[in-house]
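Letters are used for the chains, namely A, B and C, taken in the order the chains are written, and counting of residues starts over at 1 for each.
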Amino acid sequence: MMRMLEPIAGADLVRPAAVLPLLDFAGVAVFAATGALAASRAKHDVITFAFFAAVTGMGGGTLRDLLIGAPVFWVQDWVYVAVCLVVAVGFWLLGSRPWRFRALLWLDAVGLAAYGVMGAAKAASYNVAPLICIVMGVLTACFGGIVRDVLAHQPSILLRRELNITAALASAGVFVGLKALAVPTWPAVAVGLAAGFMLRAGALKWGWSLPACPSFISRR
Amino acid sequence: MMRMLEPIAGADLVRPAAVLPLLDFAGVAVFAATGALAASRAKHDVITFAFFAAVTGMGGGTLRDLLIGAPVFWVQDWVYVAVCLVVAVGFWLLGSRPWRFRALLWLDAVGLAAYGVMGAAKAASYNVAPLICIVMGVLTACFGGIVRDVLAHQPSILLRRELNITAALASAGVFVGLKALAVPTWPAVAVGLAAGFMLRAGALKWGWSLPACPSFISRR
Amino acid sequence: MMRMLEPIAGADLVRPAAVLPLLDFAGVAVFAATGALAASRAKHDVITFAFFAAVTGMGGGTLRDLLIGAPVFWVQDWVYVAVCLVVAVGFWLLGSRPWRFRALLWLDAVGLAAYGVMGAAKAASYNVAPLICIVMGVLTACFGGIVRDVLAHQPSILLRRELNITAALASAGVFVGLKALAVPTWPAVAVGLAAGFMLRAGALKWGWSLPACPSFISRR
């Protein structure tokens, strides 16, 4: 394996990795791990582990890139696929252990917040309107998990009220809002990450959720 | 929120909105409403309402734009997303009422016919072959609803015999056929709309459906 | 129906059909047939047959083309859609017969191997890294069937341990590996096809499968 593609002009716009390289790979790895865990609930072979890891780890960013017209990040740089494969093989070798599900929920919270910010940042680098940047942040953070759940025949995170999407929305929204107020990139990233992570952590720790229906109107 | 993108050259080709602007937004709103209704069957928070509204309202056009290589319409113009959000918040505030399901089936019939024609028209503006234009009309009209049903774990409209796809096919097919016969755009649009709407209305009112299998061959 | 698009410059890169034209159409037809068969298990109308045939026959190649930034093959050349329609109408007219399911499993094995090789070859013609070419081969061969199963509410091939993905992986991997070793195209294609087909045939005939978990580590 070697990189056959020379970096194209403007490649640092193409890859949010240029902003947050370690966090980017960590995000792929964390989401890939949740995909591998989904595969580990049933007894699957290593190929299926790899498939779930790749779909969950890279699905959201793939959709974002297609929508904003960017070259798809992992097609440009094979290291992302390699990270997913390593994670998948690792989880397959180790088998599933109950404590790991809990640990991963917390890593997943970090991933949600990081991808919410990075998805919005990449969209912004393509001159997309602020509202759409926020949408891209949410899609980047949530789409991989949605596809994972559909493929594994599990209830979608969409249908669970655990602030998954809300946390991604908070991260992306805070980041885009602060940038619109001319806040420099690094503080905007940091506050965006904190906002999303805290919301999700609150959901995990104290069961925070949004109201299903405004009670003052509907009483069913 | 403000539009950060200047209209690109040839933007009136890119947006069928230039042909039927009000109908276009109405179509997004109607489909977004069916998405919000799907969310309202279970008790979801407003974020999930918004997600379902956006996927259902814009999913079909998104797929069409990706396939024909057009810039994705709602990434170019954030008003579409705003329409979906308004619809989602409205339905979430109002809660679900049974009569509304019936009313929406009829609005949905209008949307199917309109999107069938508009999807085909946009594809035609990208110099796609007539058969493919018809396929794009069908995808534009039906794909959002298919994804909505998959995500909501409901039986797909694909598996219900209620002429959903057939109505979109009639609208797109009649429009493309009339254009191929050099009929001017407005009459072709009108007849296409009428054809699709009447088929779907017949299915709703009198239970029209296509035969499952030709009885003269198979007798199971 | 007539082709409205002149072949664009470099079109022979765009279409792997230039390498293996008959095999390409045969692949679409075989996968379209498995889609039509999925529709035939329930009693569907001819439109639903066509939808399933098209999604299964062309879904994988569509995803590949979107990911590598190629014009989508069937949007460029309507003959692929026509092949799917002919297959769908044929199966709808004939109804389902049990023996056909068995016959199709074998044709499907040919299709998996052929698409694994062709998907990788097309990606390679777009200067994609070898690892990513292999991923594209797998996606081309498997994605249509995955979507078919999701839409038909059947257990995904992902969740069945029958070496579907593994066979596609073998075909794509062997082809890419041999090309990397400077083996000429035709022998590389032939060996790649044989590798994938034999794996899948072994799964069908003798129930070959990959181990679910390495028994020396996990004993659950």
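The rule is short, and it goes like this: a contact is a pair of C-beta atoms (placed from the backbone, for glycine too) under 8 Å apart; a residue touches a chain by one contact, two chains touch by 3 or more.
A quick map from chain label to UniProt name: A, B, C = Trimeric intracellular cation channel family protein.
Note that the structure is a prediction, hence the values are computed from the model and not measured.
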Those chains which touch chain B and also touch chain A: C
Same vs different contact residues, chain B with chain C, by half of numbers used: different
Computed distance of Cα centres, chain C from chain B, in Å: 29
Sites on chain B at which at least two other chains make contact: 66, 150
Contact set on chain C toward chain B in their complex: 1-5, 42-48, 51-52, 54, 62, 66, 71-72, 74-75, 78, 81-82, 92-95, 150-153
Partner chain C, residues of chain B touching it in the complex: 66-69, 127-132, 135, 146, 150, 155-156, 158-159, 161, 165-166, 169, 209-214, 217-218, 220
